[in-house]
Amino acid sequence: QSSVTLFGVLDATYAYGSGSLSNKSQLTNSGIGGSRLGFRGTEDMGGGLSASFWIEAGVNNDDGTGTATDTNNQANSSGGGGLAFNRRSTVSLGGGFGEVRLGRDYTPQFTNLTAFDPFGTNGVGSNQMLVSSVGGPTRVRASNSIGYILPGNLGGFYGQAMYYLGENSSNSANKKDGNGLGLRAGYKNGPIDAALAFSQTKYLTGDIKTVNLGGQYDLGMVKLMAQYSQDKATKRGTGKGMLAGGTVPMGPGEIDFSYSTYKLDVAGPVDPRTNLLAVGYTYNLSKRTALYTTFARASNKGGATIALAGATTAANTNSNGYNFGLRHSF
Amino acid sequence: QSSVTLFGVLDATYAYGSGSLSNKSQLTNSGIGGSRLGFRGTEDMGGGLSASFWIEAGVNNDDGTGTATDTNNQANSSGGGGLAFNRRSTVSLGGGFGEVRLGRDYTPQFTNLTAFDPFGTNGVGSNQMLVSSVGGPTRVRASNSIGYILPGNLGGFYGQAMYYLGENSSNSANKKDGNGLGLRAGYKNGPIDAALAFSQTKYLTGDIKTVNLGGQYDLGMVKLMAQYSQDKATKRGTGKGMLAGGTVPMGPGEIDFSYSTYKLDVAGPVDPRTNLLAVGYTYNLSKRTALYTTFARASNKGGATIALAGATTAANTNSNGYNFGLRHSF
Amino acid sequence: QSSVTLFGVLDATYAYGSGSLSNKSQLTNSGIGGSRLGFRGTEDMGGGLSASFWIEAGVNNDDGTGTATDTNNQANSSGGGGLAFNRRSTVSLGGGFGEVRLGRDYTPQFTNLTAFDPFGTNGVGSNQMLVSSVGGPTRVRASNSIGYILPGNLGGFYGQAMYYLGENSSNSANKKDGNGLGLRAGYKNGPIDAALAFSQTKYLTGDIKTVNLGGQYDLGMVKLMAQYSQDKATKRGTGKGMLAGGTVPMGPGEIDFSYSTYKLDVAGPVDPRTNLLAVGYTYNLSKRTALYTTFARASNKGGATIALAGATTAANTNSNGYNFGLRHSF
């Protein structure tokens, strides 16, 4: 009686990380694609108007738990180990005017950060600008959001805006904690795709403004990607990062590579910086199923201690990590 | 290989509540319909016999979490933020004799309370007899229930009975805490529908007996609804309430309105009372999708502090609230 | 766009247990079949190669909660009340070589224990070797597992191996806690089926080695089953047990019966032992739906205090329990 699409991804990966303090060996998930189970559907209501819904839960398929969510866009407010539609939970009204989308979704600022990352911010190759970011609880997704997405027929121009609420009482000390706004605008034409995103979120621990500029150019034998990101966090300093990388089609698959770096300007003489070098290969067994592997190396300076795949490493030492996995979509 | 129906409702709503102490602004859910995801199916086993199941989870679609449940019909025993089939979780055997239903479901007493509420006990317009009720953990649903529903061919008469268990050890101090019984009987014929419900639940904090009598009459241009409810709680006093309201078809939608009031007779000179006035409009974009808005005002006397939509209000002051939302069913 | 099978079992059962200390009365679940909701699918990739996934969540259908999981195969690490794919959560690559399966699944040692139990380790008749077992967190399932299953065309021989990881840091005191290995090999031909399983798991509380040997012989009017099990737990003693039982087809259903016993060799003069006698009848209303009942009696010696269906009993006293339920599959 209704047309619901049941969809998902299960990505199981063996991950190994080594650092100067400890190593770790895991069978984990989401090495190149976020494991998930979702339900979605669109109703055509005539006259160009449509209603749609999308609920998508993260699944830790190595142990069966669901992944956590954040109910109020503030620190320390996530869920437990049960399935929750933390990845996306939206209901929309669409038409010639574009789409109004309500609920929990990617923020515009994250949409830009992941769009121009050869590894799609997954696994050991994930963008250092995300991993080190001081972007706060809404740096990936926001709950309680009211979003607007431009229609798709603007001659290559695209854009979206999102306002999200922290939902605090008007007489509380942190009445604006978790309230924020994200904007994204871009242009895509043939081999070119470039976009700019901006966000501003109020937090009790200090407001955060982010700017992200990214783009890609498809040369056919290689698709090049680059981006620049800045997080201005009141009380915590300003972080700046960039990424350069790309993907190369090869056989029934592709090689991905990237170099990303992030530095946090803090009070004091040294600023922590981490550089990440990553390379991977994805071998498509079919359109829905792939074997893959990724290798990455994180280099720390200025007191940074970033380590890969669950390892731990001392300040200013390196960490290596790799994934080897199977990703299946349904 | 099996015929399972996947169904649900996603209802996203902007809600604002104001009170004398604090206001709150939210993107929340279930303004006119409870957001849910469910799976159900019926097997025809021949000879008039059927088996069926129904599992239905509440979904907070503003943040992706599931809603809490209560495993033993006692206070302080709900679930976490993960998806749980808290709304309904039943397996049934049906036939000419009616239906035997096992698991978690609405109690008969709640079924009556919501049936004759123009707002279906949803959103800021929800029945004050439910909001203020001293009816305890099973005032809406019960777990561990054994239910019986009369067959549908009794000339307009309908009815159901439910027994639910608290599942305590026989040597525990609260061995009957959460045990209870609910009954409902009614008659529906043409424009008339009226029913009576009764329940009795044992609680460690004092047993509760409830009686609810409700009815509606469909005049065509308006459907009128009324009900009376009484909660007799040992140690906590007796609450009494009533509702009068109705729905008026208008264009591709309907206007809903209601006045409800609840007073608790407690020891001492003043008895807290809250009156609620609510009016709303639902505009159906299609059979499955609607835009809607509801306005409500709660007035407190005798020390009552009921506030709407997350606001807080001082004793004997008012609170206003409204919803504006999009409800989509699948 | 994808072919996903949605499947499940809802088994609601009234259970009563009596012991010398307390009795308990419940509407509970999984009296003869584990209640569950699952999603699974297989993609044929050509050339004999296939990819498949299977995610299956336990459902406590008496109250709507999900059942707990264990993320790292160690003690004290389970989930909450939300739905989790704790029963099984795997992605596989299959072919002429067999199947490589990654994620959370039954351990080989449990597969053997349940295969030759007339009650399938469900309800009050469940195998005493499982109930009393000192087998630790992985005695039923393991997370983070890498499994291999032999192909089905080996002339009746079958087998599987599973390695599972505790995923601890290399510098932690319990770096191997939860790491383990399980093996199973068997032979099935006509009326005969017999298999041997072995496992070894490292735990901080003492490593555990288990051996299980089971078999069945189908005489037509009765299928006989027997098994022997031994759990060698460092620091906790060695447990030994056996089961003898069978199933008898009768009318549109079957009678199940079993006797099982388990004794733990501990330091000191007396060793706790529990004997369980169980008999049940399942009446199939259809292929998918059954009514059933099971009666069981546990007898304790040497200080054992095992009680059935939530009852509690003093050392060396008996406990009786029964289930009466409805199981429906979809």
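Each chain carries a letter (A, B and C) given by its place in the written order, and its residues are counted from 1.
Definition applied: contacts are C-beta pairs under 8 Å (C-beta built on N, C-alpha and C of every residue); 3 or more make two chains touch, one makes a residue touch a chain.
Since we're looking at a predicted model, the values are computed, not measured.
Shared numbers divided by all numbers used gives the overlap of an interface; between subunit A and subunit C this overlap falls below half, so the copies present different residues.
The angle of the rotation superposing subunit A on subunit B, based on CA atoms and rounded to the nearest 5, is 120 degrees. Each chain gets a centre from the mean of its Cα atoms; for subunit A and subunit C, those two points are 39 Å apart.
The residues of subunit B that reach two or more other chains are 6, 66, 79-84, listed in rising order.
Considering their complex, residues 1-2, 4, 6, 39, 41, 43, 45-46, 49, 51-53, 55, 57, 66, 69-72, 78-91, 93, 100, 102-104, 143-146, 164-165, 167-172 of subunit B touch subunit C. Subunit A meets subunit C in the complex at residues 5-8, 10-12, 14, 21-28, 37, 59-66, 79-84, 285-286, 288-289, 291, 310-312, 326-330.
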